[in-house]
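Both complexes below contain chain A, partnered by chain B and then by chain C.
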Partner chain A sequence: MGRYVIRRLLQFIPTVLGTMFLLHYLTSLAIQFSGNPVRALFGDRTPPPALLEALTERLGYGDACLDQRGNPCFGLFFDRLQAIFLHFDFGVNLRQQLPVTQLVADALPFTLKLLVIAILFEAVIGIAAGVWAGLRGGSFADYAVKISTVFVISVPIFVLGLVVREFVGVKFGNVLRAQDWIPDVISVGVVTPGFKADYPFASLIIPGMVLGAVSLATTARLTRTSIMENIRADYVRTARAKGLSNRRVIGVHTLRNSLIPVITFLGVDIGAAMAGAVVTETIFNVPGIGRLVTLSARSGEAPVVIGVVTMLVLVVLLANLLVDILYAVLDPRIRYE
Partner chain B sequence: MSDLTSAGAAVGGAPVGGDGPLADQPAVGGKERSASLWADARRQLVRDPVFMIASLYILVVGSMAAFPKLWTSQDPRACSTDRSRISPSWDHPFGFDILGCDYYSHAIYGARPSMIIAIMATGSMVLIGGSLGLLAGYYGGWVDTIVSRVMDIFLSLPFLLGAIVFLTVIKRQNEFTIAMVLFLLTWPVIARIIRGSVISSKDLDYVHAARAVGARNGRIMFRHILPNAIAPMLVYATIVLGSFVAAEATLTFLGVGLQPPAQSWGIMISVHQVYFLEDPWLLLFPCGLLVGTVLSFILMGDALRDALDPKFR
Partner chain C sequence: MSTDVNVKMDALPGLDPNALPLQVKNLQVEFRTRNGIARAVNGVSFDVRAGETRAILGESGCGKSVTAQAIMGILDSPPGFVTGGEILYRGVDLLKLSEAERRKVRANKIAMIFQDALSALNPVFTVGFQLAEMFRKHRGMSRQDSKARAIELLDLVKIPAAKQRVNEYPHQFSGGMRQRVMIAMALALDPEVLIADEPTTALDVTVQAQIMALLAELQRERNMGLVLITHDMGVVADVADRISVMYAGRVIEEAGVDDIYASPAHPYTKGLLESIPRLDLKGQELSAIKGLPPALTNIPPGCAFNPRCRYAQDVCRKDPAPPLFQVTPSRTAACHFWKEVKDDE
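So, the complex of A and B:
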């Protein structure tokens, strides 16, 4: 087990370096083709050359290779790697010149809360619906779950987000806000068309649920199929024959085996949810990581993009590793050599 | 390459007719059983009402994309602001948009970019991802190591986030660049599917037999292994067409996809989102078309999977 984890961690190194180089090359190409992003700070005014040069140098865009089109800038890449891994220095952003680490630290709590709400929502509701449908195969419940999940899969997240924002956040929210007896936490905090700084947790509940809704369907379908497969297995029949209660047979024996593919999916889904968070954060105006990346990619701030996306990639890889380890815990038949 | 090319054409073209060239291939390879797999699948699909309705819908959307003139005689760019946001009527079934352009013809012309992007991205994904997966699975060793590591790099980038970064950095957002970015971020999935099924089938008896009678690597790969590995790829490619249509609209909505003078469903939604409560039909029509297309591709993929998997018979 320990050796397996170490081998997997070693495999991270080429993946992370490759991703970083990919991002580095892309952003370098962008600067080589569309010019120095520092100029954008001055708008339509022409800055004095000395000032421009000093600022460019200070912000790390002064490397000569950024003027040669198509040059992969290996020197700059190694400088960046050195700064990141030896000094934990991810660079600064253009506008306020704050360190990237601080920008991420400010934005991360919102995205994390959003992710936790989304994953919890899809795990709890998805698994419950899947078990419900799987135990009653062919019944009304089964068809209801099947049809609704296919439908939810085919609605793009931004369409869902828009509809929820307008109908729940604005229309239904206006009805609630007109009633006096409903506490503000619910009428202003939870049912809101956008993020509110006064209710940092309550106003993230609906965006989180929208984010989770997309994968909710897949979770429910996975649970349903694997429950249906396992319920006919010999060990379930044995458990029933021993006279165990139905709750124990389903809750302990069947569920533990059926949840293995579901756990895999949830782990992989952390990465997808993080990407989906970009859309949800845009629609509901949440100041999280997704918005940070979108804004900085738009203004051509290479260090911010590289730093933030690299951190996200690390999170995705760690989540995948964690899922693989969870496998062995859930299923003692799986052994890693 | 003939097999791969025809697979790409089958996925890119009309899905029902696309079974034709594929069904013939195994017969050329001289295997009666797999020939009947495709024939069986076709028979089952024709009888499946869900599959037929979904493919009919795709046919309709496909014809909108290919021949918009068949569906409307109006010009979507003939606008007049004094008709801004007039509700649907008999002459103008979808009404007028915020700039006073005919909304129905905009919706018809808007099908084209989505379909072009989905077909280009899926086609190149099947061709290049498929070949790399085939090579990695067949040769193993260092080829496999290199391809797998490169796949890891692209897979570890969250899809939407990667697309946003790539597209903002490229700065030229047209159908071609969007399709290429979608392809770049998703080819490892197809490569992984093909690699898995090639690895599981390359040690089977018929492959050894083919090698024993002196078949070369290329012939073994394309004539013997590939026809048996192609079913899961076809299923995935059908589903992915739907998700690319959705991805195009999402990227356009976020402002990194197609830009407003162009016509697309994503633009229709993003331009009119603020009028949702006053004039919901402005969003209803493009959203309905979009969801219908994605849903049809997913249902078709599901039906294909059921038809091609012998376990379900």
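So, the complex of A and C:
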């Protein structure tokens, strides 16, 4: 197991470097084709050429290769790698010239909270609904879960987000806010069209549920199928023949086996949820990593995009590694050598 | 889970310690499927005395395993339903008990082992956990005590290095060792009857003999009734006391093992015996019963065996099916021509 983990950690190196180069090349191309992003700082005014040049140089956009369309800018890439890995210097953003590390540190808690809400929501409700439907195959409960999950899976997250913001956050929220007896935490905090700094946790609940909704449907269906398969397994019959209570036959002997594929899915889904967070945070105006990436990609701030996405890649890789280890804990037949 | 410990076995209504440990009377089981109703078990009766081995013999799909599952109360339901008959444990009809009482009879009084021990053991729990669970849930023992008992059980079924192996998973055991674990699990609570559903089918021949010897030894030590479900005539000859031969959901012959081997009184039993390879007939073609057993949704009228039977006359092709005729005071056969079959060489 130890050797396996070390090998996996070593595999991170090419993955991270590859991602960084891809990001570097994409952001360089963006600058080469649409011009120096530093000019955006001056708005409509035309800056004195000397000032613009000095500022461009200082903010790290001065490399000559950024003027040549299609140039992969290897020199700039190695300078960046050197700064990041030797000095832990990811660069600064344009507007406030804050270090990227600090921008990430400020934004990360919001995204983490959002992800935790989303994953908890999809794991708890998804698994519960899946077990419920799986144990009653062909019944009303089963069809209810099957049909409702198809609806959720077919709606893209940006549509779902906008619809929820409009009808739950605004319309339903207005009704609640008109009632005096409902506490503000609920009417202003939870049922909100966007993030509220006064309610840093409550106002993330609905965005988190939107983020988890699609995966919740997948989790429920996966659990359902898995339970239906395992409930007919020979070892479940053995458990019954052992005179164990129904609760133990289902809760211990069936569930443990059924959850193996579900856990795998949830692990992989952490990465997908990161991508979903970009959309959800933009819709609900959450000042998290996703919005940070969106905004800096729009304004062409290459160091911010590279820094943030690299950190996200690391988080996803670590999450996947954790899931693989958890997988071996759940299923003793799997041994990593 | 506390109810597990609290239901008292003595409290079973009508329990008679002198009655037989297992008596099945006119058992009926049907499967309600989309393609119609399959009568998997159609009036099966047999009994087992303490210390006796009752073999139930028949081809695949004749209802042997369904009978066993009905006795244990672990039929997949739906589609399977017990529609009639009685299953008596020492005079108590198990079919009339509540689910909680029924559960107490399982494993405590009547236990079962299955054909394929790899799929019958849970792959994600250690063998020790699966054994100790019996003592923790049925006897309310602590984790430590129950683990000690699990090691004793592995010793009992002669698994070497039981102390280490108790912490291993089923996939780390060989086929024969896995079946030993199954036996240990079934014997954990000292049942009075053990149902073995093709316990050696998935094993190779030398291991088969070891497992059968182990079963016979444990049965003798504990004076336990054994219901041995099998299609292997060779296994039966060695260990069985009495034999019930099943065909298409019915018992078609019932007799002591010596009687059956000396002079079968039903053409099907005769066919089964003739299909055993024999050393003294080396080089000759192996005789087999022609045709296939009928689909349970479409059993022919009259005797279910008539399309494959060389003795069949018109009376065999008409309902009702032949009843069990008394061949001698201790044996029966469901054939109109049992005399001819028995005397035929």
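The definition used in the following text is that the second predicted complex is superposed on the first by the 337 of 337 C-alpha atoms of A that agree within 3 Å, B and C clash if a C-alpha of one lies under 4 Å from a C-alpha of the other, contacts with A are read in each partner's own complex, and residues count from 1 in each chain.
Assume a contact is a pair of C-beta atoms (placed from the backbone, for glycine too) under 8 Å apart; a residue touches a chain by one contact, two chains touch by 3 or more.
Because the structure is predicted, anything quoted here is derived from the model rather than measured.
**Student:** Tell me which of chain B and chain C touches more residues of chain A.
**Tutor:** The partner making contact with more of chain A's residues is B.
**Student:** Who does A:Ser139 touch here: chain B (first), chain C (second), both, or neither?
**Tutor:** Once the two structures are laid over each other on A, A:Ser139 reaches no partner at all.
**Student:** Is A:Val279 in contact with chain B, with chain C, with both, or with neither (first, second, both, neither)?
**Tutor:** first
**Student:** Applying the touch criterion given at the start, work out whether A:Thr238 contacts chain B, chain C, both or neither, answering first, second, both or neither.
**Tutor:** Touch partner of A:Thr238: chain C, not chain B.
**Student:** After lining up the shared chain so the two structures overlap, which partner does A:Gln102 touch, if you call chain B first and chain C second: first, second, both or neither?
**Tutor:** So A:Gln102 meets neither chain B nor chain C here.
**Student:** Going by the contact rule set out at the top, does A:Gln82 touch chain B (first), chain C (second), both, or neither?
**Tutor:** After superposing on A, A:Gln82 lies clear of both chain B and chain C.
**Student:** Just to be sure I read the superposition right, which of the two partners does A:Arg248 touch: chain B = first, chain C = second, or both, or neither?
**Tutor:** Only chain C is touched by A:Arg248; chain B is not.
**Student:** Check chain A for residues that touch chain B in one structure and chain C in the other, and list them.
**Tutor:** Shared contact residues on chain A: none.
**Student:** Considering only the defined contacts, which chain C positions touch chain A in the complex?
**Tutor:** The touching residues are 1, 3-4, 69, 72, 74, 76, 103-108, 111-112, 114, 116, 119-126, 133-134, 137-138, 169, 171, 182, 185, 189.
**Student:** Enumerate the contact residues on chain A facing chain B in the complex.
**Tutor:** 11, 14-16, 18-19, 22-23, 26-27, 29-30, 34, 150-151, 153-159, 162-163, 166, 170-171, 271-272, 274-276, 278-279, 282, 290, 293-294, 297-298, 300, 305, 309, 312-313, 316-317
**Student:** Show which residues of chain A lie in contact with chain C when the two form their complex.
**Tutor:** 232-235, 237-245, 247-248, 253, 256-257, 260, 330-333
**Student:** Inside the complex, what are the residues of chain B that reach chain A?
**Tutor:** Per the touch definition, chain B meets chain A at residues 149-150, 152-153, 156-162, 164-166, 168-171, 242, 246, 249-250, 253-254, 256, 269, 273, 276-277, 283, 287, 290-291, 294-295, 298-299, 302.
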